[in-house]
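Both complexes shown next keep chain A, but they swap its partner, so chain B is in the first and chain C is in the second.
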Partner chain A sequence: MTTALAEKGLAPAPAAAPDADRRGKRGRGLDDGVPRRQIYLPLALYLLFTLIPFYWMLLFALRPAGSTSLVPWPMTGEHFAKVWNERSFGTFFQNSMIVGVSSLVMTTVVALAGGYALARFDFRIKKGFMLALLASQFIPGALMLVPLFEIFKNLQMINSLGSVVIAETVFQLPLSMILISGFIRNVPVSLEEQAWVDGCGRFRAFCAVVLPLLRPGLIAVGSFAFVHSWNHFLFALMFLSSQDKQTIPVGLNTLIGADSVDLGALAAGGVIAAVPVVIVFAFIQKWLITGFSAGAVKG
Partner chain B sequence: MADAVAKQPRVPRPRTGGSTRRLPYLLIAPAGLLMLGFIAYPMLSVLYYSLQNYNVTKPWRNGFAGLDNFTRIFTDDPQFWDTLAFSGRWVVTEVLLQLVLGLALALLVNQTFIGRGIARALVFSPWAVSGVLTTTIWMLLYNPSTGISRYLADAGIGSYGTSVLSDPDTVFWAAVLAELWRGVPFFAILILADLQSIPKDLYEAASVDGAGRARQFFHITLPHLKDAIILSTLLRGVWEFNNVDLLYTLTGGGPAGQTTTLPLYVANTGIDGHDFGYAAALTTVAFVILLFCSILYLRLSKFGGDNK
Partner chain C sequence: MRTHAIPAMSRKGGKAVRGAAAVAVTLALALSATACGGDGSDSGSEGSGKGKIVFWDNNGGPRTAIWKQIIAKFEKKYPDIEVEYVPIPIADVQSKYDTAIQGGGDSLPDMGGVGTAYLANLVAQDALEPVADRIQDSPLKGKLVKNMVDSVRSAGGDDKEMFSVPTSANQGTLWYRTDLFQAKGLDAPTSWDNFYKAAEELTDKGGNEFGFTLRGGAGSIAQAMEMMYAQSGITTFWDGDKTTLDDPRNVAALEKYVGLYKKVTPAADLNNDFTKMVAQFDQGDIGMLQHNLGSYTDHLKAFGKDKIAGVPMPPSADGQPRTIVSNPVDGLGLFKASENKAAAWKFIEFAASAEMNSLWNQDVGAIPANVDAADDAWIKQAPPTKAALESLSDPRTKVVQLPYYLPDWNTISKADNEPDFQKVLLGKMTAKEFCDKVADELDKAQADWKKHN
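On to the complex of A and B.
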């Protein structure tokens, strides 16, 4: 699969892609002669589909309980205060941050080491290892809950955030490693060899030459890992039993399942859950597209 | 870790050095050990338990069961077939709709127009939203007394008190719509990335030859996107099969088991029913089905075949 994808040819240099694209498109492209109406009308419709749900959540989070107004005015912070203090979303937020950042660091570091080996070396178990990486994509995490629970129980890690960090990292690793090895393959070996000739060891050459060029790829992989573990629900639900250890998705689920759902509190909790990933997303969305064209699709 | 290697001065090709032979193994060791311990070992224990009677609530029956669990799945468990059929329907519906909408969206935001950057950011944003958050948002929208339907009823469309999530006729499409909302950007992002690697001069040559936009799309764009489409539909299909967050929180598999996927059924059997032996057998069967379908899909779609 990897080679087949690599045959696609060289993608544009990652960082240059969007700008080059913008200028190139001025010529005869797919868009040649497309009336603006044919762009803006479907786009407006799709934007409505995307944004109304977000707006609805903000509306419920910001308007006073019992209001039926369609604009969040007068605005109130009561739902946020309630969710943050009474429903312990402050604690959940902190736990989710710990899990998210730890998985990000662990995934990136471990995947970087493994990805480098896959990209730059031929070794005996390489084929088998790649196959294992791909096959692991078919293993349903949800179905591994019980055996994983037993393992963490034996390690006495139940109800510790470490269990969730490990589980998230493990299931993020295979794809991250494949992605990173793709990015590394895009960096010409000759650059590294140049540094070796100049007297650098492999490790220093890697840090000085390869690492800076991997930035877009690492940003993409790191943000996947963060967003994924920030969002993930089942592991936290299963492995963390006491309330002071739970994460935001588990907290949201508690609000959803309450006997009489407090819609204002639920919406405010949703906004709190959304803010970090929206920030990460806004930061990476340009890298996301170029990152994928450089690494993911070509494998 | 690589210090030993770093000390070696002036090696034009360090990979032939004696100590560098071990380097790749050292580098993949952390990942390999983590995956052995937390994927391979649990997987093997699932295989082992699938051959056992293992039920916490009926310990006197625990012991070797041979293929009993598997026989029970295929001959005596209508719920297995129901949930498998629902999983199939769910995966096919979601992947098809997400692909078509994602492709359309990618083509749309690949055009040049004013406000493209912000438009891209906005339409892609649900990509980052979790299953539970999607449930949160769509629960607010679907709420019979304060959701969208109430305002639509005010405007004379539909009736008051419509509860799409508890009506067996509407719950499937209500869940499909919510999952589409966050699933389309995945395809749009991947396809847009691949669109940008199509050489522009192909289109120029085609339009010089008088090919219209439709012909350009079918003869240049689509063949170029083929591998990306196959790979993304496969990944997404597996993901939609396995991921239970949204359905678990939005419908809980209801009403009356209508939206229970196979993984949800397994989770119920193993966790709530404590029948771990049987759940393990179900897991094994699900894994084999998934792997078989994926290989079949790659073969049938001639992935990697060179027909550009």
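On to the complex of A and C.
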């Protein structure tokens, strides 16, 4: 292959190889010959473009009301105190956390079971089932709002966080199951078979052999389930009808009035809403990328 | 992936799947059968007049503190009634009501905030209790501002019955920076000549100073209509079955208004909703803003009392009466499905009483609906509110009643035509083409509504 590339003038000359190695060690393996500024400048511009809204949010959250300063100085915590204490964001935060964590757990557990079935078993309507899972992604939540509302009402679950958790889980399951089944397919079935030979049952073999290998995939699916539930507004608005049950996205929307907006409070609320998501992504970034590349590309 | 399948498990799996499918189909059918929806017209009952009642605030958040204050006073007066307060974001209140109605109505509150913008929608779904008779038998009789009562009657759809008790109204106001006006020696924008002159003289694009900021994004058409009717002096929205929106005088007024874009306004105004527009005015060097009284507190916070003033929309010409379009009137609705209407009505009466109505409107910066609140000290100390109240109460003032009762009103005056309004601002569509298009849609909607009512 090297010869073929050399014939086309694409392979590096042998004498240049050590130099290329050295540059590769400095982290320029793929960008051989490309000046660093051509890589970092666009990245820096993109980063700037991405971070400016965050800076703007922090600016409004931290500077006093009425200030037009472009730096948050003098700094104030008045907006945070206002939304946390007066606007019940403490309660909203707690409710969002319950919804987010519960959806994460339920989605992950059910998607694991469903994904395992899709990956390891063969049944007659499997293709149709997969198609149905994919097709369900095209149904917007708003379309199902009234039927879901009616169902939860009949189950006496309106104004209960459980209704939001179930709705979020149901809407996230199809994609999660497809992703998890992709991850499971990447685990050779022979590993499980060895565990069966050693006397494990299917469940124990799954827990002992497959589950540990699914960590990146589980983290990817779980984090998406959490973030989606954390941010989702519609179900929480419609199914919850008392202030002590409302979640962060609904609380944020109540900061926008008909004719006036308290920008400081809105920005502070935005910061509070963003913190868990930022923390989640900061901790799972490594597994997230591994997880998606494993599930999506090889699945 | 078939290689991973285990034949024995496949057979068992097949049976299990068939069983699961049968259960799923049965469950789906059962759930579908229960999901037929309702219309919110459950008759409810008067109830004991005691116990717990639920109140949905249609602009939850900004008004939460004042509502909680009023509720505390109510519960002190009526210790055997407990009010549960639920704040609903203003942008989604109609969806919230609609979902609860379609879900059978028994998830609706006992009473709730209802604006005229979606009153007809609730009336059409038979969700609200008529309140005219209750008002006649209550201390509120004769105490509500006539123009607001007319707006509520008109918005309900039949001009006769009332389906909400008005509590406040808003009004279009020209806000202006008195410090900038004084620096340039300009007169207040109490006439259209003054307004256009000031807009030009306060503009210095190089210095990032503008005479005016307009609303080109969400909500642009309502504000444009306000400018059009105020300048044209046309006093009614309908001329027979045809709207006056495309009257040549209105078209000329619109041309003049959109001509301000980029000439005396920032280019970014194209995408302004009220939030961006107000923030832009409060943060920058902009001479004037057209917005309702609701942003008064924001302006006060930004500039202080000495640098900001507001006047009602000027009359079309000197000596002519003002023509103002009906801004949405906020009110309290009593829901049919309530099982405790007696207690809910007590709350509505209490909240609409002079003292509570005054307290509430002082806090939110709107015009009180109770006439006895008009002389309260806070109104005298809030010149823009006082001027708006005076203009609204002036018998010469003509209020152009917008057709909030049309089911398609919100669609026509918002989502469907706001992109076209942006085209007008950008010069890709003429003011006449825009007015003709919107007028045609409104005429059809009116004809359709008349056919069914």
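We take it that the second predicted complex is superposed on the first by the 263 of 299 C-alpha atoms of A that agree within 3 Å, B and C clash if a C-alpha of one lies under 4 Å from a C-alpha of the other, contacts with A are read in each partner's own complex, and residues count from 1 in each chain.
In this text, contacts are C-beta pairs under 8 Å (C-beta built on N, C-alpha and C of every residue); 3 or more make two chains touch, one makes a residue touch a chain.
Note that this is a predicted model, so its numbers are computed, not measured.
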| item | value |
| --- | --- |
| Fit or clash between chain C and chain B when superposed on chain A | clash |
| Partner chain in contact with A:262 - chain B first, chain C second, else both or neither | second |
| Chain B versus chain C as contact partner of A:254, first or second or both or neither | second |
| First, second, both or neither for A:68, with chain B first and chain C second | both |
| First, second, both or neither for A:214, with chain B first and chain C second | neither |
| Touching partner for A:34 - first (chain B), second (chain C), both, neither | first |
| First, second, both or neither for A:277, with chain B first and chain C second | first |
| Partner chain(s) touched by A:150 [first = chain B, second = chain C, both, neither] | both |
| First (chain B), second (chain C), both or neither touched by A:57 | first |
| Comparison of chain B and chain C by chain A residues contacted | B |
| Partner chain in contact with A:177 - chain B first, chain C second, else both or neither | first |
| Region of chain B that runs into chain C when the structures are aligned on their shared chain, from 167-175, 221-229 or 239-247 | 167-175 |
| Touching both chain B and chain C, residues of chain A | 68, 117, 120-121, 123, 129, 145-147, 150-151, 238, 253, 255-256, 261, 263 |
| Chain C-facing residues of chain A, complex | 65-66, 68, 86-87, 117, 119-125, 129, 145-147, 149-151, 153-154, 158, 185, 189, 237-238, 241-243, 246, 250, 253-263 |
| Interface residues, chain B side, partner chain A - complex | 1-3, 5-15, 20, 23-25, 27-28, 30-32, 34-35, 37-43, 45-46, 49, 104-105, 107-113, 119-133, 135-141, 143, 146, 148, 151, 181, 189-190, 192-194, 196-197, 200, 203-204, 207, 213, 216-217, 221, 227-228, 231, 235, 238, 241-245, 248-249, 263-264, 266-267, 270-271, 276, 279-280, 282-283, 286-287, 290-291, 294, 303-304, 306 |
| Parts of chain C lying in touch with chain A, wherever the complex brings them together | 1-6, 9-10, 13-14, 17, 21, 31-32, 34-37, 54, 56, 59-65, 84-92, 95-96, 99-100, 102-104, 106-107, 109, 170, 274-275, 278-279, 283, 291-295, 297-298, 301-302, 365 |
| Contact set on chain A toward chain B in their complex | 1, 4-5, 7-9, 11-12, 17-18, 21-22, 24-34, 36, 39-40, 42-43, 46-47, 49-54, 56-57, 60, 68, 70, 110-111, 113-114, 116-118, 120-121, 123, 126, 129, 132, 135-148, 150-151, 166-167, 169-171, 173-174, 177, 193, 196-197, 199, 201-204, 206, 227, 230-234, 238, 249, 252-253, 255-256, 261, 263, 266-267, 269-270, 273-274, 277-278, 280-282, 285, 288-293, 296-297 |
